[in-house]
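Residue numbering begins at 1 within each chain, and the chains themselves are lettered A, B, C and D in the order written.
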Amino acid sequence: MDEDLYREIILDHYKHPSNFGYLPEANAKFRDSNTNCGDTIQMEVRVDGGEIRDIRFTGVGCAVCIASASLLTEKVKGAKISEVMSLGEKDVLSLLGLSSITPERGKCAMLPLKVLKASLIQFQKQA
Amino acid sequence: MDEDLYREIILDHYKHPSNFGYLPEANAKFRDSNTNCGDTIQMEVRVDGGEIRDIRFTGVGCAVCIASASLLTEKVKGAKISEVMSLGEKDVLSLLGLSSITPERGKCAMLPLKVLKASLIQFQKQA
Amino acid sequence: MLSDQLVVERIRRDFPIFSRLENGKPLIYLDSAATSQRPIQVINAVVEFYEKINSNVHRGLYTMSEEATEAYEAARANVSSFVGCKPEELVFTRNATEALNLVAFSWGRANIKQGDTILITQMEHHSNIIPWQILSAEKKAHLEYIRITDDGLLDPVSVEEGLGKGPKIVAITQASNVLGTINDVKAIAKKAHEAGAICLVDGAQSVPHMPINVKEIGCDFLAFSGHKMLGPMGIGGLYGEFDLLDSMPPFLTGGEMIKEVNLEGASWNDVPYKFEAGTPNVEGAIGLSAAVNYLKGIGMGWVRSHERELIARALPLMLDENGVKVYGPTNPEQRGGVISFNVEGVHAHDVAEIFDSEGITIRSGHHCAMPIMNKFGIPATARVSFYVYNYGDEINVLMNAIKKVKRVFSVG
Amino acid sequence: MLSDQLVVERIRRDFPIFSRLENGKPLIYLDSAATSQRPIQVINAVVEFYEKINSNVHRGLYTMSEEATEAYEAARANVSSFVGCKPEELVFTRNATEALNLVAFSWGRANIKQGDTILITQMEHHSNIIPWQILSAEKKAHLEYIRITDDGLLDPVSVEEGLGKGPKIVAITQASNVLGTINDVKAIAKKAHEAGAICLVDGAQSVPHMPINVKEIGCDFLAFSGHKMLGPMGIGGLYGEFDLLDSMPPFLTGGEMIKEVNLEGASWNDVPYKFEAGTPNVEGAIGLSAAVNYLKGIGMGWVRSHERELIARALPLMLDENGVKVYGPTNPEQRGGVISFNVEGVHAHDVAEIFDSEGITIRSGHHCAMPIMNKFGIPATARVSFYVYNYGDEINVLMNAIKKVKRVFSVG
C-alpha cells in the first residue's frame, strides 16, 4: 500500500466530498465507469460564457476516486473550459498531494477529470 | 527409424502390391483417408454368401500402408465376413512381420483393415 | 495421518512463489479464485517439455514428434479421467471462457431457434452470460435467469418457473466465484433433462476445489480452466458428451481439425480434434496434466474438506465483525472456499489496497458477475479465496487487516 | 563480425533441446515451420513469471497483480513494436489460426453480405481457407482463389482477375509453408485497397523469419503464432488497424472484455481488450516477448540472410539430385527457409521415417495445404525447414539421408 493514499486530505474529501449531488441547472453532463472496478462518476456542469459557473458530481468509487472528484470540482469552479482541457495527470496528483501512483490506481484518480472533459467536449459539440 | 519397417516383405508388397486395382463386379466399396497424412485407401469387395469372393484396392500411401493393404487382401480372399470382423492390430502386424509399431505409423498400417471393415458394415446394412 | 497444518506446510514447499515478499511482508495469497499458484512439479513438466520433446503434435513421423503427441494425448487421458469422462470427450481450450463460447457458438447456433428459451442464473460469471445474451439476441430467443435469494442461494421457486418455460439448455455454475454458493448441479441436470433441456455446468470454480465426475453429475457439458487448478494459463477444457460433440458443427477452423479440403469445401476430423483448430497449447496440456497429478496426490476429498475448514473458521469471525457485511450462504457446507464482503463506508478497492499493505493479496471489484452486484445493489465487493496452500493462521492476519481498514477509515 | 558458423554455434548453446539425441544421433531439427525450438531465455522468462509474479491481470489492486499486469502490457508493447504497430492494435490470441478466425467471425460476419467476393490464394494454409469457406457458405458470398503457377508463384493474370471481381477482402499468406514462396504483400495490399478491399496477411511463416512492419506493408490485419518464432505454444497475435478493430463487434465474450453487464445486455471494453475474453495466457505473452527480444538481439536482417544462404546452398543440391522433385520457386530470393520435395516412387512418410533414422526431423504430409497438393497432383510432400539454429553442415547430412532413401527403396 502506498500509505500516502490514505493521508488526511484524501480521507477527508472521501468522507465529506465537496460538490456532491445533482445540478438541476446543468447544461453539460456525462457519466462513465472504470471497466472492471465498479467506479462510476457522473459530472453535471453549468457552463456560461466559456466558464464553469457551477459543478456537482455523483457516483461511487474508492477513496482516491471520490477525493479526486471532490478536489477537482473545487478547483475548476470558475475556470475557463480551455483551462480544464489543459489539466492532466500531474495536476490531479498534485491536488491529491501525491507524487506518483500505480497504473491501476491511476485510473481511479483520473476518472473524474476524464468524465469532466467528456462532458465539456459534448457540450461544445452541441453548442 | 524402426529398421523393420523397411524389410524385404514390406518393400516387396509396396513396390508390387497384390490385388491392386478396381473390381467392377464389387458389391461392397469404401474409401477413407488418414487425416493429415495423405494416405487414402479404397477397397472394392465382392461378397457372396457371407464370404469374400474377390477383393481389390486402390489408393496412395506409405510403404507400410500399401504393404498392409496388399497382404490383407491376400489373406481375406475366401474368408467369412465374421472372420474379417474379428481381425485386429495384432493380425495386421503379424502379416507385416512386425512385433510392434509406433502410434502414428500404426494408423498407416491399420487403415486398410479399417476401410475393409467399413465396406463390409455398409454392405450388411444395405442387405 | 498428518495434521492439516503439516500437510499445508509440505504443500507450500512445492510453491516457489511463497519465497516472495509482498510489500515487505510474507505473501498471504488469497486470490486463488482469480488464478492459483503453480507448484514446482507443474513448472518442471513444462520446462521438461521445452527441453526434451518440444515439437508439433500429430502428423510428425519422427521420434520426438511422436513423443510430443503421446505426451499430449496422455495429458488428455489424465485430465479427462480427473473429471470422469472419456479422452475423446475432452476438448482442450484456452480457458473456461473459450469452452463456454464453443458451446454457445457451435451447439447454440445449430440448435437454438427463434422463440427458444435459454436458462441461466443470476449468479453466473460474465463468461456464462454474455455468450448467451449474444446468441439469444441473434436468434431472437429468450434468455431467462434463475433468481437468487438474499442469502445467495438459487431460489427454488424460480428454478421451477425457469424449467417450466421449456428451455433448450440450462447453463449453470457449480460454484459461484462471488458468493461461494455450491449449487446442486446433479439435481439441476436431472430436472433439465426431464424438461427436455441439455445441461451445461460451469466448473471453473468447482473442478479445482472438489471431486468431480461428469457422469455422476449427469451434465452434458462441463467447462473449466487450468490456471485456477494449479496448471498453466492458456489451457482449459470442455467436457462434452460424445454423441453431442459428434453431432455438433466445428467452431474455430483451420489446421488439425479437418479430414479433407478442396477448393469448394472441407470435411471434419473426429471428435475431439474437430474442435481443436491450429497448433494446440501442448505444453499447457502437459502442465495441466501435472497439476491434475498433483491434486490427485493430495486428494480432492482433502482439498474440499481443507477449504471447508478454513471457511468454517473464517466465516463466523467475519460475520461477527462489526461493520462488515458478508455475502452468500452462512452454512460452510453450502460454500466453496470464497468469501465476498464489504466494510461499511469503505470501497472494496480501499480494502484491497490496505490488505496489500499487510501482505495479503485479495481481489476487489465486480468479479465479472455484475448481475450479482446489481442484485445486492453494490458496485463491488472485496473477496478472499482459499486453496490448498492456505492455512488457518492466515485468517488471523486477515482479521487484523479488516481492523486496520476500519481504523484507517475510522468506521465500524 | 562473427562468421555465420560461429554465430550459429553461439545461438545453439541457448537451446537446451540440442543436447538431446534423436535415434542415438545428434538432433538435426529441420521442422521449424511446424514449430520452432525455445531458447533458455524464453523458458526462463516463463519460469520467472510462475515463480515471482504469477497472478491474474487487470483489476488486481495488489502489488503482485500490478506487476503481472505491467509485464503483460509490456509484452504487448514489445511484440507490437516488433511488427510495427501500436500496442492497442495487437490482440493476443492462441495462435495464428485463432487470429484468422477472429477476423472471419468478427469482421467477416459484420461486413460480408450475399454476393460479395472474398479473395484468397491457392497456396493458403487451411487456417486461411476454411474460415472463409464457412463464412462464404453462410453468407452466400463467393470465395475466389488466386491460382499459382507451376513453379509456385502467384499467377499475375489470376491476381488481376481476382481483384477485378471487386473483393471485399484479400486474405493472403506472406510466405508459403509448403512452397517457400514469399509473396509481395506490400504490392497486393496496395492493389487490394485500390480495388476497395481490405487486406489480411497471414504472417505465420514470415514474422518469424524476416523483418516485418505492418505500416510499411500497408495491410489491415496480420496474423502470427508465437510457437513458430521461438516463443511458447498457446500464444499468438493479431495486428488490426485501430479504427477497423474499433469498429468491429467482439468475437469471444465473457470476462475482461466488457464494460458493463446487466440482465439485458452488455457494453464492450476498449480495443484490444474487447477481443481478449477470459483470463489471457499471461505467461505465454511474456514468453513471446522474450522470444522477440531474442530475435531482436540476433537481428531479423541476419535471420533472413542466414536462411537465404542455407537455401542457396541446399536448393541446387536437391534440384540436381536424381529422382528428387522439388516444389516452389528455384530462385532463393523468392523463398523463405522451406523446401518441399518428393523422392520418386517413395511416399513422403517413408522419407521422413528414414530421415529420422539419421537424426533428422522433418515433416511429411499435406502440411495443411491440400489445395497445393491437388494443384501438383500429389498426396504429400516431405519438407525441410530452416531456422536460426541450423547450419550449413547439416545440409550434407540431409543429402546423405536422401541417398539412403533411394538406397532402401532402390530408386533414383
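Here is the rule we go by: contacts are C-beta pairs under 8 Å (C-beta built on N, C-alpha and C of every residue); 3 or more make two chains touch, one makes a residue touch a chain.
Since we're looking at a predicted model, the values are computed, not measured.
Asker: So which chain is farthest from chain C, going by the mean of the CA atoms in each chain?
Answerer: It is B.
Asker: What is the distance in Å between the mean C-alpha positions of chain A and chain B?
Answerer: Distance between chain centres, rounded to whole Å: 77 Å.
Asker: Can you give the whole-Å distance between the Cα centres of chain B and chain D?
Answerer: 37
Asker: Hey, how far is the Cα centre of chain B from the one of chain C, in Å?
Answerer: Measuring from centre to centre gives 46 Å for this pair.
Asker: Where in chain D do residues touch two or more other chains at once?
Answerer: 23, 59-61, 65, 256, 258, 260, 349, 353, 356, 364-365, 368
Asker: Residues touching two or more other chains, restricted to chain A: which are they?
Answerer: Chain A, residues with two or more chain partners: 36-37, 105.
Asker: Can you list every touching chain pair?
Answerer: A-C, A-D, B-C, B-D, C-D
Asker: Which residues of chain D touch chain A in the complex?
Answerer: Result: residues 58-61, 65-66, 69-70, 256, 258-260, 269-270, 273 of chain D touch chain A.
Asker: Over in the complex, which chain A residues touch chain D? Could you list them?
Answerer: Going by the criterion above, the answer is residues 33, 35-37, 102-105.
Asker: Quick check on the complex: what are the chain D residues that touch chain B?
Answerer: Touch residues, chain D against chain B: 23, 345-350, 353-354, 356-357, 364-366, 368, 373, 379-380, 408-409.
Asker: Would you mind writing out the residues of chain B in touch with chain D in their complex?
Answerer: Residues 1-3, 5-6, 11, 15, 36-40, 60-66, 105, 108 of chain B touch chain D in their complex.
Asker: Can you list the residues on chain D that touch chain C in the complex?
Answerer: Contact set of chain D toward chain C: 16-17, 20, 22-23, 27, 31, 34-35, 37-38, 42-43, 46-47, 50-52, 54-56, 59-65, 94-98, 100-101, 122, 125-131, 133-134, 137, 145, 225, 227, 232-235, 252-256, 258, 260-266, 277-284, 349, 352-353, 355-356, 360-365, 368, 370-371, 374.
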